[in-house]
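Remarks on the structure that follows.
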Amino acid sequence: MNLELSDEQEFLREAARGALSRLKTIEAAREGLEDESARLDLWPTAIEAGWPGLLIAEERGGAGLGAYDALLVAQEAGRVLAGAPLLGPLPASLLLDRGGYERIGEVAAGELKAAWLPARPPSELEEAWTADPIAGMARPPAPAATVDGDTVTLNGTVAWAPDAGEADVLVAIGRTAGGEPVAAAVDAGSAGVSLEPGWRYDATRRLATVTLADARGTRLDVSAQDIAQAWYLTQALIAAESVGAAETALEVSVQYAKERYTFGRAIGSYQAIKHSLVEMLRRLENAKSLLIYAGFAFSDHPDEIAYAASAARSVAGGALDYAARQQIAVHGGIGATWEHDAPLTFRRAQLSRRLVGGTHDATDRVGEELLAGRGPAAEAA
Amino acid sequence: MNLELSDEQEFLREAARGALSRLKTIEAAREGLEDESARLDLWPTAIEAGWPGLLIAEERGGAGLGAYDALLVAQEAGRVLAGAPLLGPLPASLLLDRGGYERIGEVAAGELKAAWLPARPPSELEEAWTADPIAGMARPPAPAATVDGDTVTLNGTVAWAPDAGEADVLVAIGRTAGGEPVAAAVDAGSAGVSLEPGWRYDATRRLATVTLADARGTRLDVSAQDIAQAWYLTQALIAAESVGAAETALEVSVQYAKERYTFGRAIGSYQAIKHSLVEMLRRLENAKSLLIYAGFAFSDHPDEIAYAASAARSVAGGALDYAARQQIAVHGGIGATWEHDAPLTFRRAQLSRRLVGGTHDATDRVGEELLAGRGPAAEAA
Amino acid sequence: MDLNDTPEQAQYRAQIRSWLEEHKSEAPVLGGEGALTDPDEILAARRAWQGRLAEAGLAGATWPKEFGGQGVGPIENVIISQEMRRAGVPGILDVIGIGMLGPTIIAHGTDAQKTRYLGPMLHGDEVWCQLFSEPAAGSDLAAVQTRARRGDDGTWTLNGQKVWTTNEQFASFGLLLARTNPDVPKHKGMTMFIVTMDAPGVTVRGLRQISGEAEFNEVFFDDVTVDADAVVGPVDGGWGVGLTTLMFERLTIGLGGGYRAARFAQTIAADDAARRDAGVRHELGELSAELEAIRWTGYRSISALQSGQIPGPEFGLAKVTMVNCAIRAGDLVADIIGPDALAADGNFSYMISFLPGLKSAGGTEEILRNTIGERVLGLPPEPRLDKGVPFSELRAKEKEGAAA
Amino acid sequence: MDLNDTPEQAQYRAQIRSWLEEHKSEAPVLGGEGALTDPDEILAARRAWQGRLAEAGLAGATWPKEFGGQGVGPIENVIISQEMRRAGVPGILDVIGIGMLGPTIIAHGTDAQKTRYLGPMLHGDEVWCQLFSEPAAGSDLAAVQTRARRGDDGTWTLNGQKVWTTNEQFASFGLLLARTNPDVPKHKGMTMFIVTMDAPGVTVRGLRQISGEAEFNEVFFDDVTVDADAVVGPVDGGWGVGLTTLMFERLTIGLGGGYRAARFAQTIAADDAARRDAGVRHELGELSAELEAIRWTGYRSISALQSGQIPGPEFGLAKVTMVNCAIRAGDLVADIIGPDALAADGNFSYMISFLPGLKSAGGTEEILRNTIGERVLGLPPEPRLDKGVPFSELRAKEKEGAAA
């Protein structure tokens, strides 16, 4: 058993860290709150680093890497609160690659920017494929789809889709009359597609609400399992970003707790502070373990993907929520001021937990899989 | 505004404390786990103290006191983990007194022991009057009732009814074909009544599962509101018992934290211990405030009874759960041994949270009342 | 158990109510239709309103009569607050001055100070601010580094920085704690000063919070000169003066409004899926029950005041409950609404941004739990490494430790 | 990322698996059909089985060859455990002896001690117990009060009490930490002894837990005599010897099984109302995700062992997660089932009773969080008031403080 990173993985991670370190991502996260022009466009960085083609097969111009490799990149992006274009493009690339999309080479090269419109797989309590709602707890069904040969016609709305506002090609998930999911590549500029870009609270995330009104796309030859995997890949990517952000929050907080004195002692020597930092660590380590599990499920145990990726998002989301609040608390009053970085982590945590189904739904899915007897088989190894 | 106890209330409380202090209730709680004969019968104590008639009008032989007075007694019983016969008899006495029961004088004098068979009022998510189930989360409907003049015929089962196994007269709540609740006084020895006494985990609680098969009783002239008040009175009594038990747990734990040393300091000087004791206090103070609210609702604001009593049970239940576990933790290993008193508090907490709807359901009811717009009117005073 | 007034209180309440009934049309309108919007206008109107209240005996009612108060007890003060809330009029502008700093000057000030400052403070003509907290001191209020040096002419020169303060932007005076002798243990070498906020060398800077709004200020003192008669209480005896202020601060907390469960419930009830979700209902029930509890804890402290007791620090736990329940409520509501709940103009986004800072305001939760553990439960304190050590040595040790 | 064995490990695993395949019929049956029930029979069978495992190199495999081990690494030990679990055979009886006490004797014992004790320990002929913890010491292992006094003839006399220990009721020997010099600081005046458990003056008493079962023992020493050659390591150097034991203890935790989410899920799924309840589902999901995490944390520690690292104390956090998740699971399941879940013969009542004690076993959660905060995160320790103070003085101070 060897869960250490391979040399290639170490290299991928270091390269991502290096590329991101050359950008002032934290400053952009703050300034972008008041000045949209201060936000960074990381697409050039992504192209240079080869992220758009990460999951695309080598023979089609990609790097042919696995989900865990993508998680390593997402974790690095999370560490510096970078708005890296991953949540939209990577799951899209998975479906385009598997679905025989013609222009896949351009997607891999980053010449064609793809983003998917997330659709949640059914569960016992919610039996349809659904999309994220604009507001409220009721999830609307995924867009209605009629299939005519290779052409799919779509009608419906998907709210808060990451990176969709900047995409050239959208991977939309429709629901046929029979309730089956169908994936289609839809030209973002084509008739019947309207995009309403927007952001909320965290200036590093580009979101869009997409309405399809008789919009036409090309059918992708993928299975319901493939589409579900795109959903769970998104869950795992959000988990990895959250782990990265929580990791930085812990490091920064530990450093401060060593340097800051009160009543003649470093504040980190007080149990209340010490134990809360250890709680940050505990949640973080749990989340890291589950990232490994999610990666393993994608590479070796596809029937555990739903369980593993959901568990990862659930625990990583909790870890980031906790870390973001504790980072502020450990820093005392100063941690809640505009100029401090802690509020930026907090904004990231607040928005992340409500995207693509939300942390809450991922937790429910862990329960769903167990109740349906689809938990892990037994001990591995 | 004066929320201090009146002299009469102080006297009632001191009398209860005195009467209970002459019994070895804690020892009985432990020994009763292995030897049923070691359990105390507190009915004679109750009679002597006048508890059976506490809520019965003076003109019918009772003391004519209010719900808050009953809560004071329950809190004292909780302090010493006494199995005081309150949860069955007091709500029963409320319905018998209001319902024009003929032998109410004997009930008030304790010559006739009454216990009610709890029925939960409907809510938005559970629209029928229901009884506690033998096992599982689905609640069965309250026993079916047919009314013929003054006679009510009942069919159904109510599980885990406190004090019902020892009662002479049962106050059963039936559900008519139209879904309306009806209360009836049923002679415990009459045909069609079968009682299965039992206990679980906490040897101080006498419980019984009661099956009614064409059992006949005398109709009590009470409204659905009266019956609902019996349910909420039971909730408030459990809350008060829990406050008492949590109070003792806190006192004992604080004492130990002052005396026990580790690494050269009293353990109570460490923040981890200190803050958890303060958390016990915080929950306890919140629960005490809500006991006052529940008492106030019964005396002055009957439309807030459901909300106030449920809130009291919810917070007091949580306070006892927390206190019971922390009492063990503060005491280290010794707190988890048979000879220690902490496990007895733990047993009390574990069983209490699952009786008469359970703490969980009381919490739900708080949400129910708010969602239905039945929260408190505005600021009092 | 009686939620009603005594006959005397009822009479007092009736008197207040009738005054308010008669005069509430003079109060500035701060919200809803016809509300003032210009900050300067608002300020002027609130000053004037405080003046009206003072004249009528509704501001500074607990102050002794000789200083313009009514000499009434804390319970009457609660009645005034309740009636003002009921009448829907704004409260006094200078809560800090009237509630804490005025009483401090009454207790420790010279006759000249009382004569000069109390009247204008009471009537809102001169607003005050409290200058105790410092960035490097954190939870340890006594770790003041702002330095006051006495010149040959008896005047003092102030240098340093204060933070977490409010009202500086329109305050006339501040009550400032400064270190006058660093060579004695830290509680012993401080002195309390009255400073003029428009004196040369005083700079006020807004301190923006998570929401982007400047809810607090930083104040910088750069060779600011104050006269010898600006000292309140004994030189090097400032800690004792500060303790008086803090005692009055405790009297003002815990009785206020806070977040009400009904507001969250309304939002949830409007979403049918959320309303029928068992998990949502349970979470709402749990946090609401606690919020309800602290409402009644508030009544308990009023009742305690009534019978002549000062509410103990355990009532400070109500703040812990309030903040943590509101945080849970914010998370619940935003989970239901989704990203739009975080929109800048959303109903809950200001609350969500505001709460993390509130958690530290007025002392962190940890410090509060220490205090209550020690004062209420009688638990032993943490070992103190700073006892009896001269302040200058302590600072040197810290620098060394942080560098290690 | 590779969950598979290296070729060498695969070969080792195959070898273990084939031995077990061949010999598993010799293993005692402890559960299910045909299980042994008589405690003495069970004990005898488990001793014999440990002997067979030792002969085959499956017990004490990490011990050096000269003492009967195989000299393999920790990863091979993991493989043995996994294969034994897979084969469904019981593990070794004397986990404490082979995992911790034997290695301590190997590190610190005399040649005579190694010759006398290691063989019978390895083969299950003589079982050992660990006698470190004391009732008054609590979390502070070094606060040992059991006293050993040296007589003129060089023998030692022991008086005191040990607690939280297992296997005494059938152990032949114990490794005991006693205070030999109370007039030096507490870590300096202790010595490690080997004691014979059937010596006159040794009394073992079962210590009943919440469930009513005696999961641990108390052992009383009343003028128990041991010879001079029973000392392990230097006189007054017992703390160093004990640290070796504790280091080996750390190697044995965190790799075990623990509670699995599927078990709780099955119970819930069987109740249709619970299965469809959103709140139940969420709570199950939350605690299960954490339980799943520590399964993978376990794999991470195996992987770390594999690459030659000793898993750090942060892996101890897995125990915290495990206990707290199991507590939540017990509460959830019992809330669903109701009072019957607490029936003496219920599927979950033993777990519910067992967990509160487990929370303190092997060091409280607080101590663990201190250790991790300091060793892993590098945070400064609490101020220590007991440093350098003679043990006898410390005790006197404690008595004084507690009486105050």
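Some points to look at:
Going by the order they are written in, the chains are A, B, C and D; count residues from 1 in each one.
Everything below uses one rule, namely that a contact is a pair of C-beta atoms (placed from the backbone, for glycine too) under 8 Å apart; a residue touches a chain by one contact, two chains touch by 3 or more.
Everything quoted here is computed from the prediction, not taken from an experiment.
Between A-C and A-D, more contacting C-beta pairs join the chains of A-D. When every chain is reduced to the mean of its CA atoms, the largest separation from chain D belongs to C. A separation of 41 Å divides the Cα centre of chain A from that of chain D. Separating the CA-averaged centres of chain B and chain D is a span of 42 Å. The distance from the centre of chain C to the centre of chain D, each centre being the mean of the chain's C-alpha atoms, comes to 53 Å.
Counting partner chains per residue, chain D shows two or more touched chains at residues 277-278, 280, 282, 366, 369, 380, 382-383, 385, 401.
Within chain B, contacts with two or more other chains are made by residues 258, 265-266, 270-273, 275, 360.
Across the interface of their complex, chain A is touched by residues 270-272, 275 of chain B. Every residue of chain C that touches chain D in the complex is listed here, in rising order: 277-280, 282, 380, 383, 385, 401.
Residues 133, 135, 137-140, 143, 163-164, 207-210, 212, 216, 271-274, 277, 280, 327, 334-343, 349, 352-353, 356-357, 359-361, 364-366, 369, 382, 384-386, 389, 394, 397-398, 401-402 of chain C are the ones that touch chain A when the two sit in their complex.
Across the interface of their complex, chain A is touched by residues 1-6, 82, 85, 261-262, 265, 268-269, 275-276, 278, 280-286, 288-290, 292-297, 299-300, 302-303, 306-307, 314, 317, 320-321, 366, 369-370, 372-374, 376-383 of chain D.
Residue ranges of chain B in contact with chain D, taken from their complex: 33-34, 132-138, 159-160, 200-201, 207, 258-267, 270, 272-273, 321, 325, 328-329, 332-339, 343, 346, 350-351, 353-355, 358, 360.
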